[in-house]
Structure formats: structure tokens, C-alpha cells
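One structure is given below, represented as C-alpha cells, and several questions about it will come after.
In order of appearance the chains are A, B, C and D, and numbering begins at 1 in each one.
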Amino acid sequence: MIKDVEVLNCEYGKNTIKLLRVRREGKKHFIKEVEVCTHLRLTSAQEYLEGDNSAVIPTDTIKNIVLVLAKKDGIQTLEQFTVDICKHFMTTFSQVAYVKTYVQEVPWQRLQENGVPHIHSFICVPDGIRFCEAEQCRNGPLVVFAGIKDLKLMKTTQSGFEGFYKNEHTTLPERNDRILCAELFCKWSYGECRDFDFDCIWNKVRECVLEAFSGPPDCGEYSPSYQKTVNCIQMCILSKVPEVSSFLLNDIHVPACSSQVLVPVETPYGSCTCTLSRKKFLEAQGQVLKVEK
Amino acid sequence: MIKDVEVLNCEYGKNTIKLLRVRREGKKHFIKEVEVCTHLRLTSAQEYLEGDNSAVIPTDTIKNIVLVLAKKDGIQTLEQFTVDICKHFMTTFSQVAYVKTYVQEVPWQRLQENGVPHIHSFICVPDGIRFCEAEQCRNGPLVVFAGIKDLKLMKTTQSGFEGFYKNEHTTLPERNDRILCAELFCKWSYGECRDFDFDCIWNKVRECVLEAFSGPPDCGEYSPSYQKTVNCIQMCILSKVPEVSSFLLNDIHVPACSSQVLVPVETPYGSCTCTLSRKKFLEAQGQVLKVEK
Amino acid sequence: MIKDVEVLNCEYGKNTIKLLRVRREGKKHFIKEVEVCTHLRLTSAQEYLEGDNSAVIPTDTIKNIVLVLAKKDGIQTLEQFTVDICKHFMTTFSQVAYVKTYVQEVPWQRLQENGVPHIHSFICVPDGIRFCEAEQCRNGPLVVFAGIKDLKLMKTTQSGFEGFYKNEHTTLPERNDRILCAELFCKWSYGECRDFDFDCIWNKVRECVLEAFSGPPDCGEYSPSYQKTVNCIQMCILSKVPEVSSFLLNDIHVPACSSQVLVPVETPYGSCTCTLSRKKFLEAQGQVLKVEK
Amino acid sequence: MIKDVEVLNCEYGKNTIKLLRVRREGKKHFIKEVEVCTHLRLTSAQEYLEGDNSAVIPTDTIKNIVLVLAKKDGIQTLEQFTVDICKHFMTTFSQVAYVKTYVQEVPWQRLQENGVPHIHSFICVPDGIRFCEAEQCRNGPLVVFAGIKDLKLMKTTQSGFEGFYKNEHTTLPERNDRILCAELFCKWSYGECRDFDFDCIWNKVRECVLEAFSGPPDCGEYSPSYQKTVNCIQMCILSKVPEVSSFLLNDIHVPACSSQVLVPVETPYGSCTCTLSRKKFLEAQGQVLKVEK
């Protein structure tokens, strides 16, 4: 047995806890279906190092607690539910050193019949999945993230890619009119948990993403590269949504050229991941992370 | 080598031919992104039996032809495009004994900004995927099918399941108020290809499915079983949409009970597949298929 | 309500019933993990037409019965288990007009340590998935199929494709040395259920498939097309495995050329589906299905 | 436009570059099929901030370079290839501040016929996928990781979970004989890139994982928890494989009890992620990361 080792991490938890919460206001029903992942790190790693399970909260118990919290308090907003789960584990169990919870929503929308909303029928419309993540170390702040994933957008013009670096391996032609097709993953930080109107902010962020991607409805706006468009989206949100502290955007995209019939290819695909943050947020955290120069 | 064998089938083709067609009306753009599968059976099976490839249209050529047809004629409707592909192969190549084509649409919708439609930006909204299938034997009719797949619906009340057969293995309780959650696959026949307004009919069928599933928006309609609801949907369509000759509906569904927090389970799941047809359609085809009794 | 309709089909059942069966011989353990789908058609369609559930065996009961059968009798072979499930439903329930069962195996293999088999540890090795299907109409024979799916094979030479039909859309070059890469789906009929050594036959079929695909280990065997190779595999099995009555083979394949670095593409992909049968089997069934000529 | 922002990250690259390399020694063929992802961060973020593409190496060029490197030098080992790609980008392009490359192998194995290896035919056997990752900042060390993913193992006894923390939400019974079924993700660090026999080490690590999971073939070894088994695997590797500096293991597992017929459930599932490191490796890096206590 070797002794000169160090434990760098030791987390465990339950993933994909599915639950459906129905709320009834008279005959009108409201639903939230979510998938929850909750992970813990304990103050001691004795279960891992020595096989002593006495501090271990079984993942089965974690699941039960998540279900109980959903039943007791309902799911007001995804963010509030996520925060409540983290708080419950941190305040109830002194052996928990760290808790992280991720909640993802199944995108049910109320059915409409000729414009009339149905009182209890719903359709699944996955045009961008809402999620939330929160984490807390003991004695540290509870920080909250929200996001959108699987949001697929396309613009058929007002996009190009020119003036890039060339060498003997360059085969890509320069273009000032191409199709831009992207699958976006957005995740933003609210910083330390506060009492925000999370539903309202989430919708505002989503609108900003769509607008900054596509430009004005009557003419669009030229994109000189995926990277610049990512930056425009992020700048738009940081200037219009003060509650957002930093914004990560990953987009994946396929090559496409601007003839009348295109042959989309699935692989290989390009991607870029950029994170933009308010300076004051970083300073508040005592971190100044920079791109190295 | 054994001799007393018979060839029961010998088809080949190309699958998942992806293509994106952009149509421009001034500054306004329209798009269709589709995936096409085309399969052929040749009049002789000599490529299969003897390795003589002289009659074989390579799958690479099949792909090229599909792309050329999209470029030349565009994609007016999914159904017209599917029919055109079948007709092209049947009329161009005398060695083709049978052709089948399946086309599925990527569900792009035009982006809206504050109610104003964008001229060239789109979002992917997969709330039920539209597809079409057509097939033809040489000297036979070209028959056309259309459908919707991956349509997920839920109603939180007005559903039950009672009075079923019981024996020593029965553990399911009777319920008169449960949640009904289904993923629908619908496929209907237009019979022999005619000049229908396929877009209009497809939308009408989709509306019928939603209405028959959910009932009136202010009260819903009671479902005594998945099977009966499937029948209601089919009867609704056959009575309201005269162009539809027969209608297959497969739904898959998970058990769920009517407490306030439900735990959806993915597997095992139930399903039922029922096909209902107009009698005159069957008689016209000279087939009378019945459920055996 | 319209009246001139005919029910063409009305099936229901339970899918993906997962179960793991452990058998212990002293300290040595044997396992079978399977997924089962069982579907029924009832003699009356009154549950579907009239909402009368009195003959309906709930899918929950179907699941319970499958689990009970696995517990009581174990899983000797996939085929025997599949047959037993069908027989149980047909003999127990007079309202069942038709039963179909599909069983698929999770490919666990016993772990070896330096050549010594472990008494109770297993590893999942999905190099071709074994499955079985059986079906029976009331008063009809119980017919049994077995199969292999997701079997991926590649040969880096001894394959070509030449002499095919050419026209203005042909871009594929003729080749006498290309790479052949295929994903095989095989399904064969045992005809009416008899007392075969199913494990032994399944392994023999799998060996035949590998041998006929690849040829002798020291030189291989030239394939002039996918179709001919499919035929060779089928002829090999029908001549060497007398228990097999007919053999369906679907292979899907991607284009690849014979340079030193290839770029595999996922889509579009070609496929061919061919079924070869013993004549006497067809005659016994009173069916003579032919490729039309 | 707001000004007080900071760029936290700005990466881009190409994902899932598929390639198949065939090496021929006389009539005997050897293959490597891999998927490559390569990502870059540039010294300036001007493409992202200002839309100036002059320093951007297009993802299309990245793909071309990966293919050229595979063609020129072949793929000796996954690790050497991964390192070579990183080195190429760092030494060729002065504008690259950081490069990361991930390479994953398609698990082809040479076919055997009655124990005789085939000269050019292969079968895909995905019993644990090999991957490698390398990264380098300009002026920093090139660090190399290797790993195994999708490795599914089961032991039918010699596992329990007792003495855990209990409260009012505990429903899990204590067990001293349960089935342990896990899907492992292993990733280990070689530290700074050196001239190791990577194939030999990878196989040794895999063997250690299997042995430590399952114990001696004639009796197994008792596991008091997933966490302890994860620790045993890691300790085994750090003591037997000196080239490994640190070892991350994530396992995901489903609940299962020890009756004769089990019903595996897919969700929710538990997981644990633990990383164990040599102290001297951490000290060399000037990092001392600890589980907080």
C-alpha cells in the first residue's frame, strides 16, 4: 500500500432524478417536469479511504429528499428549487462540505386550440432547454447559474468569414455570404444568490440571444465570424440584463456554403467557447482570470 | 453450393441524404431542410446472385439525383418532392422494379421579434416531426403516406383505466383520474397519389390529433384507455379529413399516477398500434384485412 | 361519427421490460440480462372501439408475468424464454388472438484474469447483440426467429465495385480495391418452433457470418459488391446450418476509398436488405413470394 | 456598449474529426480509426472582440492539418499522435497561446478464425473506449492524460452497503450481499510528456482496473461501498504503475438488490467521482489541492 497520496476530489450523488409536479388552481392545471442531479462532498473522506460509511447520506436518500422538497414547496422557479435543494443539504447535514445541484426542465407548453389555452393539456416543445445550477461550499456563498441548451438557430445570409490566417494547409475559401447555423449552449452566472425574478430574466436573456444572433427582422446584421457573433450576444446581455454577472456561450456549427442546395454535414464540426464577465464581479470574487497574452 | 433457394427480397438504397434548400423572394428567405432515404429493387437480382453489377445504380448516384431534383424543382411540399423522386427513378430507369422514398423535415420555424417575422433567421422547434413516404411497383399505383413523429403530449386529468381483466398477476390499481402522457407516431395513407393541398391537410390532421387527444379547452374529454383515445383521434380524422384513406397511430406511454409529485419512469413503457381504414379504400385495393376473430 | 371503417390492426403491449437473472451453481454465478417486449392482439377490439376494457390484460400485468416466468423457469436460452412467454399468453388467456415477443440480450461476458475465469464478475462486450422473436396467431404455428444486430465489421482490401450502370449523374469511380465497412443486422427463421440447440446454432451462424464476410484468414476473398457479399453470407448459412429456414441480412455501409488516410462519413450511408429462403420452407407455408420480374 | 468587461476564455476548434489510418506490412494490414478534437486559444482575442480574423486559423485548416499529420507520420500510439498534434500547433503558429487535443479510438480488433488471426479483417468490440488528451500553454509543459470510458462491469456478489447515515428520509435497506454494476470512466495523468510505452501502460492500467474491481477469480473481494472500490482501484494503479501521476475515476451505478430476478432501472442513477494523486506530483506542480475539511 502506498502512502504518499493526496485526495483531490471525492464527490458522489444522484443523477437524473425525474419528477413531475402538478399544481391545480381550480380546474386549471400547471406543470413542471424536471430532472435533478445533486452531488455532495463530505468533510471527511473516510468512506472513500477507509470504507467507513457512517457519514454517507445514501444517493437513495438524496433522491427521497429531492422528491419531498418538490412535494412540500412546489417548484416556483427552476432557480428557487435548485437553491432550496442546496440549502437543505447544507443546513441539515453538518458532514456536507460542498453541494452542487443541477436542474433541467422538460419543455412542456400549454396547448392552445384556436388561440384558447387548454386547462390541462400540454405539448413538449424543445426549442432550447432551460437549466439551472447552484453550488455552495461550507462557509462560502451559494452561487447560482442559469442556462439554455440545445438552442438551434440558422440565418441564411448576413454572415461571412474573410481575412483569416492562411498557409499551405488552407483550403477554406473566403466568403462574404454564407449560411450560419449554430447550436447554442448558454450559461450565465447570477453571482451570489439573491431574490431575482428568475423567470423574467431567463426570458429576457433568451430574447437577447435571438435578437443579437439574427439582427433586426427586416435586414439582419452582418456577422464577420462565429466568434464576433458570440461576443455580440454576450455584450448585448451584459448591457441589457444587469443581474447577469458573466456569460459563457458555446456554439457548435457546421460548414455550409451559399448555393441553393446545401449538403449539411454532421461531423467534423467547429465550435467556440467564450466567457465574458463584468470586471466588478471578478474583483468581488478576488479572482482576475485573463486570457494569457 | 445449395440450389433450392428463393430470393424473397433484394433492396438497396441510400439513407439520410441531408439537404437544405433556400428559396429567396427578394430579401425574404424560405428554407426546407430534409433527410431523404431512397431504396430500389431491380427487375433482376443478378448483382446479388451473380455479382453482375451492370444494372446497379450506385447509391452515390441515387444521392446525386436527389440533390439534382431538389436544386432543379425545389421542394414545394414534402409530399410533392417525395413523389417526384419516386417518379424520376421509375420513369428514367427501366431496370427499377420498385422504388420507395422517405423524406423527413427538420422543423425550422421563422424567428419572430416582438411579433415581426424575420426575413432570414430561423429556429428549430421539434414539436412533432413531419415526414412523408411514397412507393411504387412497376405498373402499379404510386401510393403516398404522410405522418408526424415524436409528438409528445400530456393531459393531467380526464383520463382513467378501469374495469380491465384481472388475475393473480394483476397489481395495477383501477383509476378514474390519472395523468396521460404519450409520444405519438401517426402515419396516414392518401391512397393513390393525387393533386392534394398537402400542407393544408397535414396541418388539419395535426390539429385534429391535438383536439381529439385533449378535448375542449375548458373541460377536456374523459379517456377510458389509451386504445379508446387512439380510436377517437382516428375517427376524428377520418370524419373531418376526406383525403385520408387510413390512419395508423402508435403511441408509447409511461405509467403515472395522480399524486402531486410523480416519478416518471422511462422503461418499461406501454404502447399500442392501431390502424383504422375507410372500407371503400380497402375494397378499391382489393384487400380486406381484418383483425382476426 | 362515420361508420364505413375497418380495423386493420389493434395491438398493444409492454416494451423494454428489463430483467437480470442470476443463476448460482455453488460459488459460480451465471447471468442473463435481457430486455423483453411483448405485444398482444385481442379477439375483440371492443376496448379500442367502445372503451370496454373487460378483456384487456394491462401492460403492467404483462410485465409482471414476464418477470414471474423468468423467476420460475430461469432463462435457459433466449429462444426458449421467448417461446415460453408466447405460449403462456396464448394458453392462459382465451381473449388473446395473437402474441409477439422480442427478447434482446445485454452482452455480458465472464471476466478472465490471466486466463482464469472469474466466478462472479462480468464485463459488457457489445460486439453484436443477440436477439430472438417469436409470434403466434391462435390456431396457428408458433414461429421463431433469432438474430444478431449491431455487428460492425471491416475489411481493408479484397473489395471492389465495378461495371455498374452509368449515366450523367454518375460520379462514383470504379474501384477494384476499396475498404468495406459494414454494420450488419441478421435475422433468420427457424420456421415452426422445434427443440433445437439454440445456443449452438446461434454461435454457428455468427461464425459463418464472420467467415463469409472476411474469407480465409491468410488471403480473404474478393467482394464485387455489398449485395454479392450479403448473398455469400446467406448461402453459406443455408448450406451449413440446416435448422435455418430463411435469412434476412441488412447491412449499412459508408463510402470509403483506399488511400492511406480515409475520412469516414456517417451520412448519407448506403444499405441493402436481402432475404433468402429455402424453397421447401416457402412451399410448406403455402407462400411463394418472389422478387417481381 | 459597456466597457467594464473581462474575457475569461475564448477558445475555438474542430470536433469529431474522423479518420482511418491503414498500415500495410506486406499482406498484413493494421488499422487505427480515431476521432480527434483540437481546440486553440489565440494570444489576442481580436477576432472575438473586434471581428479581426487575421490571426484565426480556420477550423477547416485545423482539420486538414490533423489529416496531414496522420498521413505523414501514421498513428504509432494514440498518445504520441495527440502529443504530435499539440506540438505542431504550438511550434508552427506563434499566435497560438494554448492548444488542447482529444483523441478517441474506435475499438477495432483483428478477426480470428479458429484462433488464426485474419490478415485484413476486423470487428468492432466496444468493451471500454481508449482515449487520450494533451494540452499545452505557451511556455508551459505539455501535459498528457489517457483514459478508458464506457467500461461496464458487474459483480453478482461480494458487495454490500451498510452502516450509512440514516434519518427520516432513509428508505434504503442495509445490505451485505448486493449486485454491483458500474459504468466506469477513468482518466489518468502522465504529468509532463515523456517517452513512455503508452500501449503497454494503458493495458496494464486496464488490467488493474478489472482486477481491483472484481478481486481474485476464485473468490472475489468484498466491496463495502462504491467509493471504497473506487479507492482500491486507484490505489492499485498508483502502486503498480509508476508512470501514472494522478487518477480520476467516475463510476455510475444503478440500484440493484440480490434476489434471483432483478429489475434494472436506468434512472435515477448514482455516481461518484474521485481523484487521487501522488503528493510529489502535486508538489512539483506547485499546487496543493485538498478536499476541504
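Methods note: contacts are C-beta pairs under 8 Å (C-beta built on N, C-alpha and C of every residue); 3 or more make two chains touch, one makes a residue touch a chain.
Heads up on the chains, UniProt names are A, B, C, D = Uricase.
Just so it is clear, the structure is predicted and the values come from calculations on it, not from any experiment.
Ranked by how far their CA centres sit from the centre of chain D (Uricase), the chains are topped by B. Set side by side, A-B and A-D show the greater C-beta contact count at A-D. Rounded to whole angstrom units, the spacing between the C-alpha centres of chain B (Uricase) and chain D (Uricase) is 41. Each chain gets a centre from the mean of its Cα atoms; for chain A (Uricase) and chain B (Uricase), those two points are 33 Å apart. Chain centres here are Cα averages; for chain A (Uricase) and chain D (Uricase) they lie 24 Å apart. Residue positions 18, 265-267 of chain B (Uricase) each touch two or more of the other chains. Chain contact summary for the complex, chain A (Uricase) toward chain B (Uricase): residues 18-23, 27, 29, 31, 33, 67, 70-71, 108, 111-113, 116-128, 151-158, 179, 210-211, 213-220, 256, 260-266.
If you check the complex, the residues on chain D (Uricase) that touch chain A (Uricase) are 1-2, 4-18, 39, 41, 43-45, 47-61, 63-65, 68, 93, 95, 97-98, 137-138, 161-165, 167, 169-172, 224-228, 230-231, 235, 238-239, 246, 248, 252, 255, 267-280, 282, 288-293.
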